[in-house]
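Order of writing sets the chain letters: A, B, C, D and E. Residues in each chain are counted from 1.
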Amino acid sequence: ADTIRVGVLKYGTVNWELTSLASHGFDTQSGIKVEMIPFASNQATLVALQAGEVNVIVSDWLWVSRQRAAGRDFTFVPFSSSVGALMVPANSDIRELADLKGRKVGVAGGPLDKGWLTLRGLAERDAGFDPANENEIIYGAPPLLAKKLEQGELDAVLNYWHYAARLEAKGFRRVLDANDAAIQLGAEGAISAIGYVFDERWANEHRKAMLGFVHASQETKELLKTSDAAWEELRPAMGAEDDATFTALRDRFRAGIPERPLKAEIQDTAHIYRLLAKLGGEKLVGPATEMAPGTFWHALVDGS
Amino acid sequence: MRIDAKDFDRVESGRIAVLRDLAFSLEPGSFTCLIGPSGCGKTTTLRIMLGLDRDFRGEVRPPSHDARIAAVFQEPRLLPWRTVEQNVRLALPKNATPDLDTLFETLGLSSMRSSYPEELSLGLARRVALARAFAIDPDVLLLDEPFVSLDEATAKRMRALLLRLWRGRGVTVLMVTHNVREAVALADRLLLIDGRPAHLTGDVPLPLPQEMRTPEHMATLLDDLGKTYPDTLQS
Amino acid sequence: MDPDVVAETAEAEETRRTSRRYRRVPTSLLSLALFFLTWTVAAWWAHDPDVPTPFAVAAFMAREAANGDLFYHLSITLARVAAAFVVSMAVGTAIGLAMGQWREIDRWLDPWLILLINMPALVLIVLCYIWIGLSEAAAITAVALNKTPNVVITLREGARALDPKLAEMARVYRFSRLALVRDVMLPQLQPYIAAASRSGLALIWKIVLVVELLGRSNGVGFQIHLYFQLFDVTAILGYAFAFVAVMIAIEYMLVQPLETRLTRWRAKPA
Amino acid sequence: MDPDVVAETAEAEETRRTSRRYRRVPTSLLSLALFFLTWTVAAWWAHDPDVPTPFAVAAFMAREAANGDLFYHLSITLARVAAAFVVSMAVGTAIGLAMGQWREIDRWLDPWLILLINMPALVLIVLCYIWIGLSEAAAITAVALNKTPNVVITLREGARALDPKLAEMARVYRFSRLALVRDVMLPQLQPYIAAASRSGLALIWKIVLVVELLGRSNGVGFQIHLYFQLFDVTAILGYAFAFVAVMIAIEYMLVQPLETRLTRWRAKPA
Amino acid sequence: MRIDAKDFDRVESGRIAVLRDLAFSLEPGSFTCLIGPSGCGKTTTLRIMLGLDRDFRGEVRPPSHDARIAAVFQEPRLLPWRTVEQNVRLALPKNATPDLDTLFETLGLSSMRSSYPEELSLGLARRVALARAFAIDPDVLLLDEPFVSLDEATAKRMRALLLRLWRGRGVTVLMVTHNVREAVALADRLLLIDGRPAHLTGDVPLPLPQEMRTPEHMATLLDDLGKTYPDTLQS
């Protein structure tokens, strides 16, 4: 069987899915073998993919589109629509975006984070102000920002979904997430923020294996959606400190499993892309104003 | 001052006893020469008197607290990163305004004032060290073989300068030398040390005023000394 | 017996010195030119978007300079570097000298020093941010804490190698405390200070990058990280070279002339 | 006229030396104990999960040691540190000496040196990984590239401060090349080498952490980062201290005895 | 050897001309003393002859390629991190097996073999430098004021040792000294240099064998010399 090397974060969500995939034998059923290579940071997986050390990593479509525009043929298969959320302490008086005005807000992922840009777009349209200009914004490392919210140094934090889930388990409140914002801005449903990313040429050469991998991934998701037992097995790999965190992570993961037909996703993604291109400008998307064709793997879109 | 015992720890092994029961005191305004074979402990004695070595048994009574002390070490010990003139000026006490022009002139250093020590010959560097000691107009002057590496003509000029300073200001001088001839010509007291560990073997007063010491007189004196202390003195 | 100084016209003298001072520049420039040439050739030969040509990087820098971003982030980073540099050199030199000269202090502080110098930058930075807050003060403290032990270690070696003979001389002649430091100790420590500050500046800048990455919202490190997420090698190199250019300018326009002045007493090699 | 060596029984002598050698250990231990005491008190006083007590950290280390993780990651990191250390010290010393002794070489290499030393670690590491591949070789090259310029800078200062008088003596007596290096140059460079290797080891370890973060699947840096994402301060400190403990052991059991041997010729301060 | 001109660049400003038109050659097996006032250029001359300074106009014809050269510098120049014995051994050519025991004994260094230079007095350190030069059994021996900082008794022993070596092996010796008495007692030729820039002012052969030089004879000689070269010599 073909071996697919996947670069994963040791305690990341991909690791959960792939661990489950292997332990329930979905890989052998699809005639492949999955090898997980653990890394300590997202950047490390990016480097590993570029260096050809792994075949597949998990990243976002924006990055793929930008790389394609620059001539590197990476491509994308949706993995999860879980996205970052704006979190505040339970007793906070921040109820909606408009309340953010003048507050100290932490933002994970930096000024070009997709979620942040959509949030800004929405605030601009609905509340008539740009949070980036009228607030004190602290960009920083996600775990540090989560900590700072707990310490009370920040009024609100826009953080990645698993940090948001952890905060939820600790009693923090979710104001809204990036998908809510995207829908309010014209998307029809939740879109997949992240997905499996790989070199298209490599995928076409190993088409059967890659399709098998996608299939095995879907089977696993199907299982994780329904079976609590499957989650119990994953517990050690999740690094959850208590039951509340465990449950929050599980539920948020389930909620993020992509359900919609691919066509609809692509359409919405393209829409959001144009929006982001407007908000983030060339800095974010590069010179291209439209999502690069082939950002979603052709083999799944039209079978070519 | 009185040194009961001075030992050194050796790196390799053991201690060596350098000085034992060495006691003398210097009259203010006297000119004493300390003479002893190479390696017997003369420099060590000076270092103890200067307070640079406190690891000994005994007691040193320093001169009054605000007495100015100057020392000429066995090596020039100049600051290589300062010019000749800066080296001398740095040693001056505050508010001192000695006549450096004349001093440098006498020592033959006038054209070297802005040179760095690495550009000097050893003899010139020694003279700078002398200039530094003379410039501060000291009350006590300790000299460790100050006139070696100088040609005879220069050494003579230096000796004359030293005598002038001594007479003029009543400086207390202690000079280490191997040159008995020089000692006899300059000092009014000789201290001889010798032995292992070293102790005082002779304390010779030379009461005759320096200007009256004729070559003939000195020759007899040297002869006598050589007979009294055959081990320590030979010339 | 003093050899005469051979008279030279002040003018001739002036020309000679000038020409000597300016001779270094061409070699350095030539060397830099060689570097950029190698890079250009390599880039053309590789023909890969991950290996941009110097021109692409220069174009990016020009664009960022035009919209003001480059100077904004560069100046902020430089301010942080400068602050941390001053703090850690001052504190590190003081502690290093004390440790080098007094055995007891050395024995007491040494284990703490080893602990501190081996603490991962990440740990120190995160702890500073947690305990002091996400502030400029925390950032600079974190950097200084990372760098100071290096200064201490270098200066401690310097203090240990101080010549006791000169110290004795200074003591006999009752040098003032100022003169002792300025005229006797500092010139002997100069090579150690030079080494500590050269590699120090570079180290500080590297730590500032991490500090900016973890908890600041501006600065070159923040920008580099932003572009790293986009995997934009051109932009990363652009910002890196902007800082390097400043460092090269400081080196050739400030440090080296100063150093030449300070070490001219050393006998020239034959 | 040689003063006699005062006879001492070999035994008394032996005791004295032994006691002197072992006197250092208690002070260091005491100092470390003080550190842990301060920490414990601070932790109790803070009473915050982010400020774990030393016991919590020790317990974590014991657990990780029991399941083998600690030694696995620690040994891998140590191997990387050792390899990078050897490479960068060797290369850096050679280049530094060459630059310190020959002006022309210095002029040519100096700009490259400034470029290299100011390249962000991140940039060098990523470039190495991309160009060489995600291999152990790339990791060690990246670390060595980061560290070597620091060694060069320190050793260059050392070479510049070499005493020409001793070199002349060696030349007149036709010292072999080996003797020239071993007996004349190395002892003079010792403080510089000591400074470069002490701060070097620490720096390398810090860079190894980044290298492991960016492209390796094991090692202390990898672990620390994992726990950083979970914000588990106890675990982070546990891994950091594991490494620090090794460094302290090396320092007190290897480096300091060696250093004492090498510098015992220096006259003891009065 | 012939030196047409030797100048030094000064740090502060200007150049100084040190040597001009200085030419002489040394017969193999001869014993020459170089005498001149302090700072005139004697050390510079030796450095040029040793090939340590190549920045001069002129030409130095060195002795045959495999001749062993030894030098005693004006300072001891010992390696501080090596013991006395190691310092001497390091200078030995391969396969040389000199009788170090006897050598150290004669120089009074036996109990210092395992000491480090910083533990020595200056006089002891100078003797180690002499031991190093004597140990390699040189064909050419250049000495820069070798016997200063030694007491007369020790200096006499050293001089005797030097003469023995010179006679036994036919070493070519060039010695710088300020001590005319010493020069007259040892050398068979005196070279006098003086002036600014310095040049040869006298070349005096002393054909009488050393062992026949009585004190009286030397006194007359010194007197004569002092009259012929009143500027350079004074004793």
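Keep in mind that, in the parts below, a contact is a pair of C-beta atoms (placed from the backbone, for glycine too) under 8 Å apart; a residue touches a chain by one contact, two chains touch by 3 or more.
Computed from a predicted structure; not experimentally measured.
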Partner chains that chain B and chain D have in common: C, E
When chain B is superposed on chain E by its C-alpha atoms, the rotation angle in degrees, nearest 5: 180
Centre-to-centre distance between chain C and chain A (centres being mean Cα positions), rounded to whole Å: 41
Approximate Å spacing (C-alpha centroids) for the pair chain B, chain E: 26
Inter-chain centre distance, chain A versus chain B - centres from mean C-alpha coordinates, in Å: 85
Touching two or more other chains - residue numbers and ranges from chain A: 43, 50, 141, 144, 147
Shared interface positions of chain C, touching two or more other chains: 1-5, 50, 126, 130, 225, 228, 265-267
Touching two or more other chains - residues of chain B: 10-11, 13, 37-39, 41, 52, 75, 108, 116, 119, 151, 154
Complex contact set, residues of chain D against chain E: 1-5, 165-166, 168-169, 171-175, 179, 183-184, 187, 262, 265-267
Footprint of chain E on chain B - complex, ascending: 8, 10-13, 35-39, 41-43, 74-75, 83, 108, 114-116, 119-124, 127, 145, 148-156, 178, 180, 233-235
Residue ranges of chain A touching chain C (in the complex, touch as defined): 43, 46, 50, 63, 66-67, 70-72, 109-112, 137-141, 144, 147-148, 151, 153-154, 284
Of chain A, residues touching chain D in the complex: 9-11, 37-41, 43-44, 47-48, 50-53, 141-144, 146-147, 239, 241
Chain E to chain D touching residues, read off their complex: 47, 50-52, 69-71, 73, 75, 77, 79-82, 86, 90-91, 93, 108-112, 116-119, 132, 136, 151, 154
